[in-house]
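Here subunit A shows up in two complexes: once beside subunit B, once beside subunit C.
This part shows the complex of A and B:
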């Protein structure tokens, strides 16, 4: 797929340092200065707006601080952490989140890959089809959440109306414990299937044609070609898309907030929604911080996985 | 490189090599596949069409049971309500749209100004632990917003940035900088460093070489990156709802979400506001369709 001997370098920086000896010293020094001057403003912003808040949250997580009560914060060390990790409430939210993440990402992967596969087999109208399929992904979760809330309304929602005209019964999509979580998964799937589709399509169109040609000379069956050529070559990219979606689904907040507000009861309360309730409705800032730090740890693990596969893909 | 939709159109499938005996079965299958695709496309697009339809229906048709698909009276009242307050003058929604334009616009400029030079430096120079730095930068983007917002809220309360546009601009810029750096690094990598080398042999300093030779070549990439940053900021909801409260500061997403707070919901207005809100995003997304794969993966995947 690539040249056996890379003639051009992928790291222009190395070329840049090979400057003529006469001016080399001053040049290299000014290069370093330039690099620092160009990189540090961006890093400073990240430190101020992302790293510092997290460190503050880490500090708060060891205290009993409350944002509304004010007063000094007392150190209670790991009290918040043990309270969270042993709380049955939190375990239930973790289970809800797990069902949601696996359900939504699983559905998206299967559907998205299927659509990408179907599109990749078409000769005409691929650009138009792809563009149309991508629309849901570009919408704000607010718009998506609001609109599905209207469509899934038990009384005048269009979904129930269509079910009615088909002679099927009405479903209380968002107001029944069990269907609410299903609805959440369906809406998220609707919005993010295009994402998997887009990445899978990128993978599918990158499969070299000669492999298929060779396989068809050998009269290999369609299934054989899919199983032994298509899937192995698309899989690395698909895996990255799936991990990306899993991280996004894990930290999802806005769709839950708009669509169900965690209800009915607590049936659609994911971990990030619960953090919000602890922080902004319960005002237990210390506990919420510890909760948040634990969530960040999960995200860091997932992100590390994601970055590792990404690295593999880039080098492979 | 970069697999775009345009490329996907031009590369035909390499599968029409089946012997003619299997053609007929192949055609039947092909019809089935087209039918399946059509059904899926209808399912995916129906909610969007329904939203547009609702936005131009009169209220009695919006709440009609069974739902009216055709034969309703078209009205533009909901769109008028989006921009004009009931008693005349500007509506709260239109103010929020204006706020969104300012916040998304300024934060995008800020993240571009900070991100593009950084991306160039990461691409051109041998920076210590470059890979680790880049991965660290990207991972800040993955932090759950609802977790970050708690300390940000306390921080902003201390320095008086709560309920200000500047506060939103700063946090959006911080969330877009990782994306800008990753996306732009890809574009910078595609411009040969030799151009700058040649300019430097002609007596330019490196900074001048960057400014005169590399930067002009990066303009399309910068435009695409900025458009994505604009879309991300435009669509953002979590920070907007927790860090702002007054109508004069609030951006469009929380303002639109606020429409369903009361006891009765004017779904026609919600639909019209959603259409007005989503339309620019779709137009912008169409403009950068070549770079969608890189854009939606935060610049991480580009093939």
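This part shows the complex of A and C:
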């Protein structure tokens, strides 16, 4: 450590010496070099943990490699892709996933926006209400799945017990084809509606007050104000929330694993759950890699189309 | 004053250098990742264990097992630490447990990485084919010849937990290789309410269904039957396989590897019909996802007249703290009876239980300790002690010993069931075969498929798995 710079001088006759100039940076380390030095650890981590595995999965997707059988990977080019795209099993899981995504995200959007709208109109207790509504989102999906599994148990569950006290019959929530998928949608909605609510609330808070004031002066109705001021201004933000939720819902695994194991039969098996089975039951690594890559591609393409729509909306 | 340099796009040569560096980095990473060429092109086969146990280390050592989380796993850790330490004070036994549904994945993902945090894998008998074909466990044929008294076992038990290729039901091929030794024997027991259906258990499957039907009608709130129906693990598959065996069906023709036309023949169809149309209506509503714990809970809560469960998982039924059937073990036993499964066209029962298998990726010192542990565990006196500690031994002398027969009311059931056992397929494709059967039987039990459709789908899909070994692309779909 260098000595402190004297503030006074022992010799009043002398002019206090100025602080010596900072030593120039080594010529070898330019600004750009410094930037690279700071960025490279993160860049290397990203390369090792994300980029390399993605490229490696891409390579394996063109082979018949199996992680447990060992031996060399033989190139089969688009064999895995053709098999996946023409498989009736995959089509069935894609349909299940589509129904799930539309059902869950649709319900969450309506409920999330409605809750956010009601909260935004309150002047007192808004913070407390928002925090309480956010609690489900903070829980682990596995924990959520486990306690909903107990609550939805046909014999001992609290939901059927409540239905019973209302004079209604027992419902087999998790073991019947239709109710099982509905149960998944309900549980996912319980957990993730707060996410949509949070983003919608941010949008609603950002709507300029003077617009409402102007509408009031013009004696515009409540519905008119909602339809022509609130909704158009919140809509783009809401669509971004829907995009995030749709991507999340598309790769649903944990709730299915805990609540239904894909059953009854395979009626609640989503694409992600099916990839898991392909990857770990038979250790068909090549096929599972191709399956994963295709899922990523689907998400990227749909996201691009969606973003274009969003941009057009903004421009409009 | 020094102004910062304007940061803009690099000149073309600079960008080229960066691109080239990035490309080289990527290639180097790829080469490094592919560089572990040990398994590339290597023949997949199990390495051999020495016939004689190598010199054991005197340093502190932890011998690790992997199993799923259930009472026998905890019993094994306690028993081994109490007894094995008397001979090997420097050794500590650790039984790592995972949920049942993750058991296969937990073992085989580590095998895939060629690095295991366990020395002894406790494999289901059907996992042996997959582990042997991939070279994941040691071939202990020579070790067994030199250290184990094979005549002390029912030959089929020794074959079921160790032999590959799979033995014919009830037999052992003495020329075949062995890859494991029995750890815990198991089969299904019929648990019946003596106070509701009488002291004498039903002798045939038809009688059992009639008794359950009558009991359910006479006792509102109590269901006639409780059994495994879930589509996780092998739950629903074992249930169908049991009924299939009792009604004279077969799962496959192992010699010709034929499933289509075998499992769904007339006997197989009858078994599926009995299961879905006669047994399922006698179960509790919403029991379509029940497995071991749920069946035990139904029995302990007095909600089932007759239930089927694995013997090794039945100990908790006698615990008054977990039961509403009585405040003492004796009171519970006044109400609960345990019997071998009823017979019908045959008297087959499902083979359960697991064997000990040495990881090929464990260190030499730990492999030596593992072999020593197995030799110790299979000794006559230790097998009797294991029986007294709550385990199910496999040596015939231990199975007939008072230590075992007096340890639990269901142990006599196991001893009587040993000559009646039948296993599933022990082939590398087991995990996929059982998944197909589980999901389809579960679908039939829960009304998602018609029984015949489900059985025909099982036959078709399983046959396709066995026939697809040479297919290029789409394996696993």
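The rule is simple: the second predicted complex is superposed on the first by the 272 of 316 C-alpha atoms of A that agree within 3 Å, B and C clash if a C-alpha of one lies under 4 Å from a C-alpha of the other, contacts with A are read in each partner's own complex, and residues count from 1 in each chain.
We adopt the following convention: a residue touches a chain if its C-beta (ideal position, glycine included) is under 8 Å from a C-beta of that chain, and two chains touch if they have at least 3 such contacts.
Every value quoted in this text rests on a predicted model; they were computed, and no experiment measured them.
When the two complexes are overlaid on their common chain A, residue A:155 makes contact with subunit B and with subunit C alike. In the superposition on chain A, A:48 contacts both subunit B and subunit C. In the overlay built on the shared chain, the residue A:67 is in contact with subunit B and with subunit C. By the document's definition of touching, both partners, subunit B and subunit C, reach A:280. Contacts of A:101 after superposition: neither subunit B nor subunit C is touched.
Judged by the touch definition given at the top, the superposed model places A:56 against both subunit B and subunit C. By the touch criterion stated above, A:288 is placed in contact with subunit B and with subunit C alike. Taking subunit A as the reference, the larger set of touched residues comes from B, when subunit B and subunit C are compared.
Residue contacts after overlaying the shared chain place A:83 against subunit C, while subunit B stays out of touching range.
Legend: residue contacts after superposition of the two complexes on their common chain; A:132 is shown touching subunit B, with no touch to subunit C. Where the contact sets of subunit A with subunit B and with subunit C meet, they give residues 30-32, 48, 51-52, 56, 67, 155, 279-280, 288.
Looking at the complex, you find that subunit A touches subunit C at residues 30-32, 47-48, 51-52, 55-56, 64, 66-72, 74, 76, 78-84, 87, 89-90, 153-155, 160, 170, 172-177, 260-267, 277-284, 286-288.
Residue ranges of subunit B in contact with subunit A, taken from their complex: 3, 5-9, 11-15, 17-18, 33-34, 36-37, 40-41, 44-45, 47-48, 50-51, 54, 62-67, 114-115, 117-118, 120-127, 131, 135, 137-140, 142-148, 150-155, 170-171, 173-175, 177-178, 181, 189, 192-194, 196-197, 205-207, 231, 234-235, 237-238, 241-242, 253-254, 256-257, 259-260, 265, 267, 270-271, 274, 277-278, 281-282, 285-286, 289, 292-293, 296-297, 300-301, 303. Contacts from subunit C toward subunit A in the complex involve residues 4-5, 7, 25-26, 29-30, 33, 39-42, 44, 101, 104-105, 108-109, 111-112, 130, 133-136, 230-232, 284-289, 298, 303, 429, 431-432, 435, 439-440, 442-443, 445-449, 454, 465, 472-477.
Residue ranges on subunit A touching subunit B, taken from their complex, read 8, 10-17, 27, 30-32, 34-35, 38-39, 41-43, 45-46, 48-54, 56-57, 60, 67, 111, 115, 118-123, 126-127, 129-143, 145-151, 155-156, 158, 161-162, 164-165, 190, 193-195, 198-199, 201-203, 205-206, 209, 212-213, 216, 237, 240-241, 244, 247, 250-251, 253-254, 257-258, 272-273, 275-276, 279-280, 285, 288-289, 291-293, 295-296, 299-300, 302-303, 307, 310-311, 313.
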